[in-house]
Amino acid sequence: MAEKKALITLTTDFGEADYFVAAMKGVIYSINPEAEIVDLTHSIPPHDIYAAAFTLMCCYADFPTNTIHLVVVDPGVGSARRPIMVMTDNYRFIGPDNGVFSYIYQRPDVNRIVHLTTEHYFRQPVSSTFHGRDIFAPCAAYASKLVDWRMMGVGISDSVRFNIPAPVVLSEQQIRGTVLHVDRFGNLITNITPSELTEERIRAGARVRIGKHENLRVLTHFAEANQNELFAYFGSAGLLELAVPRQSAARIAEARRGVEVEVVVPT
Amino acid sequence: MAEKKALITLTTDFGEADYFVAAMKGVIYSINPEAEIVDLTHSIPPHDIYAAAFTLMCCYADFPTNTIHLVVVDPGVGSARRPIMVMTDNYRFIGPDNGVFSYIYQRPDVNRIVHLTTEHYFRQPVSSTFHGRDIFAPCAAYASKLVDWRMMGVGISDSVRFNIPAPVVLSEQQIRGTVLHVDRFGNLITNITPSELTEERIRAGARVRIGKHENLRVLTHFAEANQNELFAYFGSAGLLELAVPRQSAARIAEARRGVEVEVVVPT
Amino acid sequence: MAEKKALITLTTDFGEADYFVAAMKGVIYSINPEAEIVDLTHSIPPHDIYAAAFTLMCCYADFPTNTIHLVVVDPGVGSARRPIMVMTDNYRFIGPDNGVFSYIYQRPDVNRIVHLTTEHYFRQPVSSTFHGRDIFAPCAAYASKLVDWRMMGVGISDSVRFNIPAPVVLSEQQIRGTVLHVDRFGNLITNITPSELTEERIRAGARVRIGKHENLRVLTHFAEANQNELFAYFGSAGLLELAVPRQSAARIAEARRGVEVEVVVPT
């Protein structure tokens, strides 16, 4: 049996055209040659911590236990925002304390949040513009070598988190939700799960409203939708999504993150 | 000596901006931590099984023996199309049964095509929109752990394949071929090989015609072409290609996949 | 302790949509299954050896000792330009002899430049259009297996290098520099380092001029800049950069690679 790999995933808004991602990987391999690095994505829209938080939430748990998820979407680089490590039962998350781990904080198994303060684990000199290379990558590499968190910083309890709207079941006839994310195809991903919009409510003829578009069908497959039809379905993230076949639902519904969505169940 | 790596390549139309590719990788590493994953490409045009089939054909054999090639270009996801594994002497191919392995079927060493039916090897629950994560990735991971194919499904002989036009030598003076693929630079890649357009025929002054563009030269290097010249050459896939220096041959010749190409050899 | 990995980085202008990068990786893994391949970037602008040289320079030294850096930006493929390997104390660089290693040649620890001539280490047959797959990738793979350079080719001393302008301190009041690179955000990266534009000169009120834009401030952080302000700062490469918040400095300053930049220090 081979030993377990030290997996580190990378999520950034750096794109893949510059040397930024490569520099981070070089730093990680220099510190821990045994690390295995997986690109989660480098195409987060610039500075969009909401998109980074959502993207991470959708797939972090598909990775093996002990994976370290490193997120560098960091509009506050160079300011006083703290570098942090969030520790759960199965994973560690390293990145700036700007809310990018807000979805993670909702999980019951968050054990500890560490402000990474030990400069010994930073690349020197620390630049004012590239903490991905100088702070986050080396800290992830040392964490993957099982350096104890007490060596790396101090526990905190006031980390930054943004508000994540919860879906509300107003009555048997009405569910109110919110668009959490717009993907690159323009699909609108809401916070409504099968716990609110149950099989039973779907069978009862539940319809969806967004803005002035109402009476939208809840389908099982894309293939059931008509041309130009704005419809709803449960996507691969387990959330209700609004889509239009081969078109942008965001454009057609004139909707964006934060917009309200309503489900109406006939009596 | 280290043991042999379990290489798995990924070819999808998912792009790299979303969490889809990362989720597949997480699933694979969770099942087989020893797997080594190589991105073949995630930029197949959406739903273009022809482009995926062609791209795979051009490089699958450059990988080491026992590599598993996983292809998820799957417009029929959620429908009745079957998940399959194609087994040749040296490689296994996993993906939807939609024709994406048509070029592979032309090889003499295809030993077996398996309909992957054993839900034990699927990620549960299986979503209706993301079989890449829920069926194909886990099956590839288990296959890389040398699970016997008989455990994973049943042999079939009626897999879907699309027609791949063969070049025809009509006479010593005439070869008829077809455009198989248009690459992102607009180069037109045909099905004509050096077996049809031999060195001898080139030396005899063979010229190429596509649409109303005729008398095109067959060159050895890009560098020999004149500015704005539509010309032919044997590309790195071993196939005759039509190109224009720094321009799109597809646009200039108003050609696309399936268009006829003719080679004329002077008497 | 695990053995040291054989790291190979890839820098190309191939993009990620075609099979080119995958073919190179397949060739490398076929020759050395123990290799670990890291994408530096595949988004170098087509044929831009200057951009490739600059990108490599910014991060090659972040990689572990013994990493092999493979660069295939090769407008002269198929011509007489030589395939070479540059050997320094800590790294080897493999690619075409077209100037792409010009920054490396400035380092004091370049020990040897090898013209790779031994066809035994090439993939056969060698195509005229894809030496990345047929020459560079296999040579990198063999080099990573510690094949002695004397087996692979012959030492040369006349490799191609392009001129890299040096910053000039004309007087205590004036530094003259040059734009080395324009990144994809339009930031203008110059050759001026903290050795020329010292802390002392910044404190003395140094201002920057490019074209008709003068009196530009030297800031520490992006966050200090005003909206629409063209300003200067030391970027993560350790070089003075010109930027405009969320806009293209290249467009606003109508500047490109090679343009002169001047620093003026008040008396």
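First chain written, first letter: the chains are A, B and C, and each begins at residue 1.
Please note the rule applied: a contact is a pair of C-beta atoms (placed from the backbone, for glycine too) under 8 Å apart; a residue touches a chain by one contact, two chains touch by 3 or more.
These figures come from a predicted structure and were not determined experimentally.
J.: If I superpose chain B onto chain C using their CA atoms, what angle of rotation comes out, to the nearest 5 degrees?
T.: 120
J.: Determine whether chain A and chain C, two copies of the same sequence, contact each other through the same residue numbers or different ones, counting it as same when over half of the numbers at the interface appear on both sides.
T.: Looking at both copies, the contact residues mostly diverge.
J.: Measuring from the mean C-alpha position of chain A to the mean C-alpha position of chain C, what distance in angstrom results?
T.: Roughly 33 Å separates the two chain centres.
J.: Mark out which residues of chain A touch at least two other chains, giving numbers and ranges.
T.: 16
J.: Using the touch definition from the top, list the residues of chain C that touch chain A in their complex.
T.: 2, 4-5, 7, 9, 16, 36, 38-43, 55-56, 58-64, 67, 183-184, 220-223, 233-238
J.: Once bound in the complex, which stretches of chain B touch chain A?
T.: Its residues touching chain A are 3, 15-23, 25-27, 29-30, 33-34, 37, 76, 78-79, 127-130, 133.
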